[in-house]
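Quick heads-up: structures coming right below.
Heads up, the next two complexes both have chain A, just with different partners, chain B and then chain C.
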Partner chain A sequence: MNRPFKESLSLYWTLQKAALRAETGYRFNFVLLVVMGIVYQGSGIAFVWVILSQFDSIGSWTFSDVAFLYSLRLLAHAVWIVPFNQVYALDELVREGRFDVYLLRPLNPLLQVITGRVRMNILGDVITAVTMFGFAVTAADVDWTPAKALYLVLAVLGGAAAEGAVVLLVSALSFRFLHTWSAHFLVDNVFLLFGSYPLHIFGTATTWILTWTVPVAFVAYVPASVLLGRTGDLSVSPVLAWAAPAIGFLWMYAAYRIWVRQMRHYQSTGT
Partner chain B sequence: MSALISVDGLVKEFRKVKPHEGRLGSLRTLFTRRYEVNRAVDGVSFAIDEGELVGYLGPNGAGKSTTIKMMTGIVMPTGGTVRISGLDPWRERPCNAAQMGVVFGQRTQLWWDLPLRESFRLVGAIYGVSPADYRESLERFVDLLDLGEFIDRPVRQLSLGQRMRGDIAAAMLHRPRVVYLDEPTIGLDVVAKDRMRTFVEETSRAGETTIVLTTHDLADVERLCPRVILIDHGRVLYDGDVQGLKATYATHRELVVHLAPDESTGRTPAVRAADVLGAEIVSQEQGVARIRFEASRIAVQHLIASVNQNYPVRDLSIVEPDLEGVVRRIYSEGLTP
Partner chain C sequence: MTASAPGLRRIVVARMKTAMTYRQNVLLLQVIVILNIFILSRLWTTLFEGRDTVAGMTLHTFLLYITVVNLQSWVFTDLTVNEYTYQRVRTGEVVFDLMRPIGFVPQMLAHMAGSHLFMVLSVVVALPVVLVVGTLGAPASPAALALYAPSLVFGYVISVLLAVLTSMVAFWTVETSGFTMLYRLINQFFAGTMLPVSLFPEPLRILAGLLPFQSTGYIPATIYVGRTEGDAALRALAVQGLWILILALATTAVWHRARRRVAVQGG
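And then the complex of A and B:
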């Protein structure tokens, strides 16, 4: 039974809406989580803003350039986390054997994982990302052309795919190792710490590693350089810089294939 | 015609990290891994035809659920093959999943926080059940399984028996060709069990649904299963009908003798060991003697004649072993035929 893409998409919506209804059943929790999400993300941003405004420039990038980069990453992160946040819960599903159910139905198991539950606190991620990006984009020094606008859209999607790919790869370890919390924590922090600033300030070796072994650079640093006209600072060629979204999608494709392959190690549970 | 389900030399091994003992044991475990292998399923083979209803039996830990998980595509076999109407459940998961329905008594497949009705709707959408078929099936299930009373309640509020009925309805909504029921009567009261059995019976009757059932309640088996497959330690011990199982494993019968009081003394005599041709007197109370004999060694008519000749008999009956007793002996003594 191979479904057409359109049918899968409509099933995705059906399941996602059901998960949302399930979550809103606990109304008190719902409201609290949204508020918490905003407060949490907002305080993080405020902190960064204060730090950033202490410097005139970081690695020859001005304050508004860094803010643009920072918020571009937040946006890509939000675009990934909204549909895919349940990937972080995969190890729990595997450990408790609840993944069984997803293998029994004629529907992509990953699609069932991500529609299994809606987390309301991610709304905080979205609101802060959009707000901050709104400010940063007006302040940033970008010569907007239709091509750059299109590139921006693709870059956000590609950045989401690049970060998502690595998180997905980590989650695939769940099938063998059952506990992946610490690996997720590490990856999240690498993307947050190194992805949010001009990467070249961390030195050539770090830049190389975070470009070619883990695609941190392609989430926001490379696209932001293109949009800000700073491709000269990059260690990658301008052509490759323009191809950054494609690299994100390639990573995602490969990660998904590996994820599916790792599923064979799923052992279920004794009961 | 070849069988609908064919399982051939199926093996599943679970590997477990074996911890090092002694000083720094946990640190050593972290770096050098030693594995302990547990063969949960060890070369199981059987074939099931379209429309059969088969009881898959065995003691705790025998490997029943593991076999079912391989037949349903949840785990990949370590060795051997499973084919369900020609499909490999692991590699051709979507096609195989579309034609099967599964109930694990231990674990629900319903949406926990949503009303039961919502789960049915979502299942209908996932399997692409047409609205007309959906309405018809739902109506039938509400009727047969008496779901009406709680269909609009969230699943998390349902009692075990209610939830189980909801689960079985959800598993059958798309009219699967093959149904796996892993302990569907676990924890149900007598009425609910009966309803579940009737439902399984009804489903099987038309001959279009193939059902594999595991259970620890042998009343399920006596009522439902013309055929049983019995496994232990991951190996098939018996495959055949229930009568044959008794004939193979329970070769003894019991002669129950009700004795009359002696006319002259008024006392009820006791059966003596010398008069039962070497059979075993299991118990003797209030004028009822239970004599156990091996049907292959002692002819029942000789035994009856001997008892009749020596004692005033009021009534005689021969008790066939019940399935419960047979299975208990197999499980506890690990008998081979």
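And then the complex of A and C:
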């Protein structure tokens, strides 16, 4: 638990490299999963493109605006999912009693969970996110300033933290309930389905819920509104909109504290 | 065939009990479908602003279409039998299924029937919520209802045949999770769950016409809301019938080969 951060980080790389070698052994499946990731993440924007080839805008947002929002969400999602994807498999580790080992080793248990295996379909997520953001950022109507560029970097990290925090909270349920895949599936879908559109089209009540109970708005909608100069549509004040990354980090901090507390409820399998 | 009926009935009941045991999973998937209906309804309401009709439908008809097509798709794109077949083939347990006095394909159909019956029950339970987030309403006319009933049944048969066909991929590849997810995505899109096929851009619309998926969603749902009627509806029913014939033949052919694959593996 108390290992210096630097040493943990170097261990993290060693473990990730080993996991990657294990995964590339099955080449066909590797390629299929990467393609799957690309199609899955790209299908949402394909739908928006199909719609906006016949309509001018969604809630006054044009295609380039929505594409910017969409790719910002993908980028935040990729930044979160690359290091942390194994959090989704925590329930299996707990169910099979394999979490025992992580408690015995002198290393942060969460770090051991996330380095257990690499799921390669995430490479598809990363390729889609980077490619799409490359196109969207050139098409989008943003007056770039150094402050906005810095805000973009922080917003992607904050967005990753906001989504990651909720996934981490769901994974903490593993210590009590053993099966969490359906809850993960639901949370993923909420971020994916609602996060891809300008939230105000869903009405005030839904926007409020997706801002203050589940931080979907802070992943991409609020930051994209700031960068596109559309803070007028937002239900939050411009000052708070600029502070969006900080809200993501606060969520992550709280989620991690809760995760560690929930770990106490771990009961081994008794075998 | 009559002698195998009790065995098949037991599979149906067992599958329903399994679904009941994992009902929280069914419930959460149900929430996702409801969220989808909500999102699509809000999205299309926004897009309708300043227009009376889109794709020849008024807002009410359009939202009714979206709700009906998504409820159908919820039951039709169930992946239980794909996962089951994958597990049985991967572990080699499929050998025991093959030794049973009932054929493997009828067993798959029984598993699907059980799973789908449970899904239909969960749809019925969820209807009050669907009424709030989506749009429910009676068929456009008695004639629409009379045409919808056979069209829905045909659509269901096509979905079942497609599920059996895609499940058999498990006999050829070791890993099917990527394939089935991709298939489900393509299936739902071309079935018209997000927008009616008539709104697809030209190349996609031609492609949709060559694929069987619109026969499982778009066709029955547009008949329900009265968008497809009269001769057009009868032609659509004929196309559905043709797909049943093609897919039934394909399933038989693929199954013959799949069975041989198991023998090659040596059980």
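In this text, the second predicted complex is superposed on the first by the 250 of 271 C-alpha atoms of A that agree within 3 Å, B and C clash if a C-alpha of one lies under 4 Å from a C-alpha of the other, contacts with A are read in each partner's own complex, and residues count from 1 in each chain.
Convention: a contact is a pair of C-beta atoms (placed from the backbone, for glycine too) under 8 Å apart; a residue touches a chain by one contact, two chains touch by 3 or more.
Note that the structure is a prediction, hence the values are computed from the model and not measured.
K.L.:
Answer with first, second, both or neither: which of chain B and chain C does A:L32 touch in the superposed model?
P.N.:
second
K.L.:
Touch test for A:R21: chain B only (first), chain C only (second), both, or neither?
P.N.:
First partner only.
K.L.:
Looking at the overlay, what does A:S53 touch: chain B (first), chain C (second), both, or neither?
P.N.:
A:S53 contacts chain C only, not chain B.
K.L.:
If you stack the two complexes on chain A, which partner ends up touching A:S268: first (chain B), second (chain C), both, or neither?
P.N.:
In the superposition, A:S268 touches chain B alone.
K.L.:
Could you look at A:F202 and tell me whether it touches chain B, chain C, both or neither (first, second, both, neither)?
P.N.:
After superposing on A, A:F202 lies in contact with chain C but is clear of chain B.
K.L.:
Now for A:L103: first (chain B), second (chain C), both, or neither, which partner does it touch?
P.N.:
first
K.L.:
Looking at A:S43, would you say it contacts chain B, chain C, both, or neither? Reply first, second, both or neither.
P.N.:
Once the two structures are laid over each other on A, A:S43 reaches chain C alone.
K.L.:
Once the shared chain is lined up, is A:L193 touching chain B (first), chain C (second), both, or neither of them?
P.N.:
second
K.L.:
Which partner does A:F185 reach: the first (chain B), the second (chain C), both, or neither?
P.N.:
A:F185 sits against chain C, while chain B stays out of touch.
K.L.:
Between chain B and chain C, pick out the one touching the greater number of residues of chain A.
P.N.:
C
K.L.:
On chain A, which stretch or stretches are contacted by chain B in one complex as well as by chain C in the other?
P.N.:
In the superposed arrangement, which is not itself an observed complex, chain A uses residues 26 for both chain B and chain C.
K.L.:
So in the complex, which bits of chain A are touching chain B?
P.N.:
Counting only chain A, the residues touching chain B are 1-2, 7, 11, 14-15, 18, 21-23, 25-26, 97-98, 100-101, 103-107, 264, 266-268, 271.
K.L.:
Where on chain B is chain A touching in the complex?
P.N.:
Those residues of chain B that touch chain A are 14, 65, 69, 72-76, 90, 93-95, 97-98, 100, 102, 104, 106-107, 109, 111-114, 118, 122, 125-128, 154.
K.L.:
Going by the contact rule set out above, which residues of chain A touch chain C in the complex?
P.N.:
On the chain A side, the touching residues are 26, 28-29, 32-33, 35-36, 39-40, 43, 47, 50-51, 53-55, 58-59, 121, 179, 181-183, 185-186, 189-190, 193-194, 197, 201-203, 206.
K.L.:
Chain A touches which residues of chain C in the complex?
P.N.:
24-25, 28-29, 31-32, 35-36, 38-39, 42-43, 46-47, 173-175, 178-179, 181-182, 185, 189, 194-195, 199-201, 204
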